[in-house]
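There are structures below to look over.
Shared between the two complexes below is subunit A, which has subunit B as its partner in the first and subunit C in the second.
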Partner chain A sequence: MDILVIHLFNALLYTSVLFLIAGGLSLIYGVMRIVNLAHGNLFALGAFVTASAVGQWFAGSTSAALYLLIPTGAFAAAAVGAALEPTLLRPFYRRPEEYQLLVTFGILMILEDVMRFIWGPYPLTATTLFEQMGSIKVGEFIYPRYNLLVITIGALAAVFLWAFIYKTRFGVVLRATSQDMRRASALGVNVNLVYIQAFTIGCFMAGLGGAIIVPGQSAVLGMGVDALVLSFIVVVIGGLGSLDGAMVGALIVGLLREFAISTFPELELAVLYLIAAIVLLVRPAGLFGRTT
Partner chain B sequence: MSTIALIAPALRRSPVRIAVWAVPIAVILAVVPWVMDSYRTIQLAYGLIFAIAGLGFNILLGYTGLLSFGHAAYFGAGAYTVAFMVKYLHVQSMELFLLGTIAATLLVTALFGYVCVRYTRIFFSILTLALSQVLWSLAFKFFWVTGGTDGLRVPTPKLLGAAFAESEDKIHFLSHAYYYYVLVVFVVAVGVMWLIVHSPFGKALQAIRDNETRARFVGIRIRRYRFVAFLLSGVFTGIAGALWVPLNGLVTPDALVWTFSGEIVFMSVLGGFRNFTGPIVGAVVYNYLKDFAVGFTVYWQTFMGVVLVVLVLTLPTGIVGTAKLLLATARRRRSQ
Partner chain C sequence: MAGVGMASMAHAQEKAKGTIPDKPFKIGHMTFFTGAGAVLGEPMYKGNVLAADEINAQGGLLGKRKIEILKADEAAGTDANTKEMRRLKLSEKIDMFMGITSSGNTPALGPVAEELKLLTIFVDGCTDFLFDKAVPNPRYIFRITNIQSADGSTCALGVAMTWPDVTKVAHIHPDYSYGRNCFDHFSIVTKKMLPHAQNVSEAWPKLFSTDFTPHITKTLAAKPDLLVTSLWGGDYVAFYKQALQHGLFSKMKVATTLALGAAPHSIGKDHPEGVLSGVHANYHFSYPAGNRWPLNKTFVEKYKAKFNEYPNFQAEGAYTATHALRTAVEKANKLMGGWPDDDAIISQLEGMMIPGPGGYVYIRPDNHQGYKDAITGFSKNVPDYPFPILDPTRIITIPIRNITAPPGWPKGEPTSTYTWIDQTWPTVKTA
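After this line comes the complex of A and B, so read on.
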């Protein structure tokens, strides 16, 4: 029974991070109709920035200050996103999708190397945060408290995002632009501004995902590419462009992955893809997707 | 439909004009091992192999309008088929490798294609990408079968049944006998692909690309045509993978990873995917470009990334498309 709770916690931990990455990807697609192949690299950037802020730049600070440093990775990713959208992505909105994918693939290659250049080829850790929080007892097992914090942050992020998109004026504008960019533009919405904001929020989420996971794991090169592929499974299951879909998709992937890892680890990814393929054959647009 | 009827429309495109281009290029490619050093010759062999993959890729992107981001799966499937045939069946003949690869990639593409051709546009792209990662993860995780990240070694194969003499230098073998073998397969592949895209079947694919609704209206069974195009595309790419392994001597999961699929896309766009010759030129140029960048700096990915971004920003029709445009402009000026 206790082991079941541990597995559930692990699944939720994974769900939180996946939701942050895939939710950002889906938000960007929903508003701008662009699939950002470099999205995983922004997740990795968040991890690297937080890891070096906590582990190197401000390593001597008090522990409370270190916890406040966790979001630095998210802000770094958001800043990079805000710089990328108007310069490199904007010329491509009217071009065929092939070019949009290709330009983001080019950005992926560049970002991958920039991170290699700044942080070198070795893994970076920020384990002090993870260790300081200790662990709780679940029956006869122990579970790290930090992971529970990650789950909480993931849940809070989901609630905030929901409130932001469905309860604020900006959310209304965002949804209007997503549904009909031309009409929103005709009604006086500054579409360019909405695009840059949406892209920045999406990147912020990816960066936050990387930033909160890094104390428990470590930042390694290539983590972004792996994360991107997993978040593709999430959006394929949930439906590209839907935040509810990203939430449910992340939950399904999180639970399935935990189950697969504990029973037949070799087939972990294959099982996820199999589920994604089945969902697609039954519901072509994903569970929450709009057919366009 | 008889073979004559299939080939006839293709032949109508003035064979003389094609020969003017094709014969000198074939002669140049044939004398390369005697004028260039073996390193460059082997690089060209790599380029020709990627060109076969590019041809296969382009029947989907250029002619059917489907952008696959998972072609590494078929390339890797071809490569791993050869490695498995060596390891478990102790086959050495290159011809058997090619036959085995065709069978194996047909199987994989049929399976993947069945799911993927139901979608178009971005969904097709991410679905092909996601499925290709299944093969990658299997190659990665089942290390007792595939060797994991260490990969599988593939020795020098026998070409046309002739055993590779032990005394002969391997580099010499690769830059001469094997180069010509690759060249012949390349020429056959180009010929076959040329006939395919100029056949009624190829025209139907282009009709689907340009307007799906109209194509359906004139009675083209869209999903079936896309499926066949997917199979052809995968088999060409698989053959490229099979030819690549003996040259590389080793196959690792890197041949299956999705960023390699991105490189195949890159090659085709570099050459220009709206032209038949684009992916061929693109593959050869890409290979030299990457070789140069890797030798020049460890941050070669940045270099290639910048090239890609600049390319799609300024030269979206690629090398061949731009060259044709310049040629047409020059001709118009001369006639004025």
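After this line comes the complex of A and C, so read on.
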């Protein structure tokens, strides 16, 4: 029984981070119809910046200060996103999709090299908070408290995002733009502004994913590409452009991965692709995807 | 005397015989400069650079030919790497090829180097498959660091010597050729040495993961006496931090193959002591310690002074490989005069035994593989370093011939060493 609870925590931990990454990817696609391949490295950037802030630059600070420093990675990713959209992406909206893929993939690779240039090739850790929080007892096992914090932040982010999109005026504008960009524009919506805001929020989510997970894991080169592939699996399952889909997709991936590791360890890698393949066969647009 | 070390040992050597051209000697060095593999690739390149600097400070190879290193990124992918090797040879006219980290790349590049007649010393990419199957009769290619099977075997022998009472074993290995190889050789050695031990759990995380919580949970649930893991680099760092918060280290013994091998300084002081901490069965900068093996002392000092970090086994391998080349060139020159052709250099490399920072390396003439005694040890915190090192009082070294298939042993599956252990090692009698 205890072990089941821990397995569930593990799955939710994975789900939280995946949702933040895939949710951002989906949000950007939903509003702007851009598949942002650079997204994975915005997640990595969040991880590296927070790892530096918490583990190096302000390593000696009080723990309260360190908690406040965790979101720095998310803000860094958002800032990069806000700079990228108007400069490198906007000129390509009217071009065929191949151009956008090429440009965002180029950005992915440039970001990877920039991170290597700044932080070098070695893994970066910032585990002070992870260690300070200690562990709770679950039956005869113990479980890191920090992971529970990550799950909570993931859940809060989902609630906030939902409220933001469905309960605020900005959300209405965002959804209107996503449904019909031309008509929204004709009704006086500043589409350029909406685009840059949506892109920034999407990048903020990816950065937040990296930022909250890094104290319990580590920042390594290549983590962004991995995250990108995983978030594609999530959006394939859930449907590209749908936040509910990202949530459900992330949950399915989190639970299935946990189940595979504990029962069929050799299937750990294959199982995610298998489920994505099945969803593609049965519902090509994903569980929550729009068919248009 | 500043230039102590291998370069000066060579200095007993007199002036080169005959006329030597002063054309630079170009080495194409391919390793991981980007991606997660850079944690191994960068030190490899640095080891090559340090040795080249030493040699160039003496005027170059034979006092004339300065070494020039051309970098290539192994992260481009196997297919692109073979093309790059061809380009380096045909367009850049490199005299020699060096490097390679991944076991996926040496079996692809080896045959290409043979076809191009390109003198090559692979530093790593240590899969047994290269000389077992891909290039069973090498002419132009060599490899300097220990063969991969030595890693799992060394770890298993370390366990058998230290914890002979282990009965329940759990495994966590990265799911690629290295992890599989470690699992296979650990298993075959334990079958012989600890016949009462059984596997109770296996987990195969993807290489370059950072979340190991499910694997740790699974391992804890199986209640083993011992966990064996071949995780390395960033993976291992993330793993041990998470394992600490799950209380894993207090519930079982832990044996690793590469924990302190990839980047010694990336492990924190929070890492538990007494973990069997592998260094790829090759080298840890803290051994041989002090001035017991002066080559190591000067190598570590110079490396630290130049790069402000400590060398790992890749740095040691590339450094030794470069000096093996220098030694071969000097010996061939002494015999024949002038600049030796590749055949003369190869004949000197075959059967060569030279001292490197980690000890003597013997290059077997039949398979061109470098062999040095394997080492592993136990993690320990000492005041001199901000990270754990191998406990200097508890180093385990194993003569390499005891754990690798000898010359003349038939090629086998999954490796020749595996079938050799299976068929020739006696099984320990249990009470």
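Things worth noting here:
The criterion applied here is as follows: the second predicted complex is superposed on the first by the 292 of 292 C-alpha atoms of A that agree within 3 Å, B and C clash if a C-alpha of one lies under 4 Å from a C-alpha of the other, contacts with A are read in each partner's own complex, and residues count from 1 in each chain.
Going forward, contacts are C-beta pairs under 8 Å (C-beta built on N, C-alpha and C of every residue); 3 or more make two chains touch, one makes a residue touch a chain.
Here the structure is a predicted model, which means the values were calculated and not measured.
Under the clash rule set out above, the superposition-derived model of subunit A with subunit B and subunit C contains a clash between the two partners. Applying the stated contact rule after C-alpha superposition, one finds that A:H7 touches subunit C and leaves subunit B untouched. When the shared chain is aligned, subunit C comes close enough to touch A:F141, but subunit B does not. Residue contacts after overlaying the shared chain place A:F232 against subunit B, while subunit C stays out of touching range.
In the overlay built on the shared chain, the residue A:F48 is in contact with neither subunit B nor subunit C.
In the superposition on chain A, contact of A:L101 is made with subunit B only, not with subunit C. Of the two partner chains, subunit B and subunit C are each touched by A:P265.
Looking at the shared chain after the overlay, A:D113 reaches both subunit B and subunit C.
Subunit C is struck by only one stretch of subunit B after the chain A overlay, and of the options 189-197, 225-233, 243-251 or 315-323 that stretch is 243-251. In the superposition on chain A, the residues of subunit A contacted by subunit B and by subunit C overlap at 112-113, 116, 225, 265-266, 268-269. Across the interface of their complex, subunit C is touched by residues 3, 6-7, 9-11, 13-14, 112-113, 116, 120-123, 125, 127, 130-131, 134-135, 141-144, 146-147, 213, 216-218, 220-223, 225-226, 257-258, 261-262, 265-266, 268-269 of subunit A. Listing the residues of subunit A that touch subunit B in their complex gives 35, 37, 88, 91-92, 95, 97-99, 101-103, 105-110, 112-114, 116-117, 225, 229, 232-233, 235-236, 240, 265-270, 273, 276-277, 280-281, 284. Residue ranges of subunit C in contact with subunit A, taken from their complex: 33-39, 41-42, 175, 202-206, 208-211, 213-215, 217-218, 220-221, 233-235, 237-238, 241-242, 244-247, 263, 265-266, 268, 270. Chain contact summary for the complex, subunit B toward subunit A: residues 61, 67, 69, 115, 118-119, 121-123, 125-127, 129-131, 133-134, 137-138, 141-142, 258-259, 262, 265-266, 269, 273, 298-299, 301-302, 304-309, 312-313, 316.
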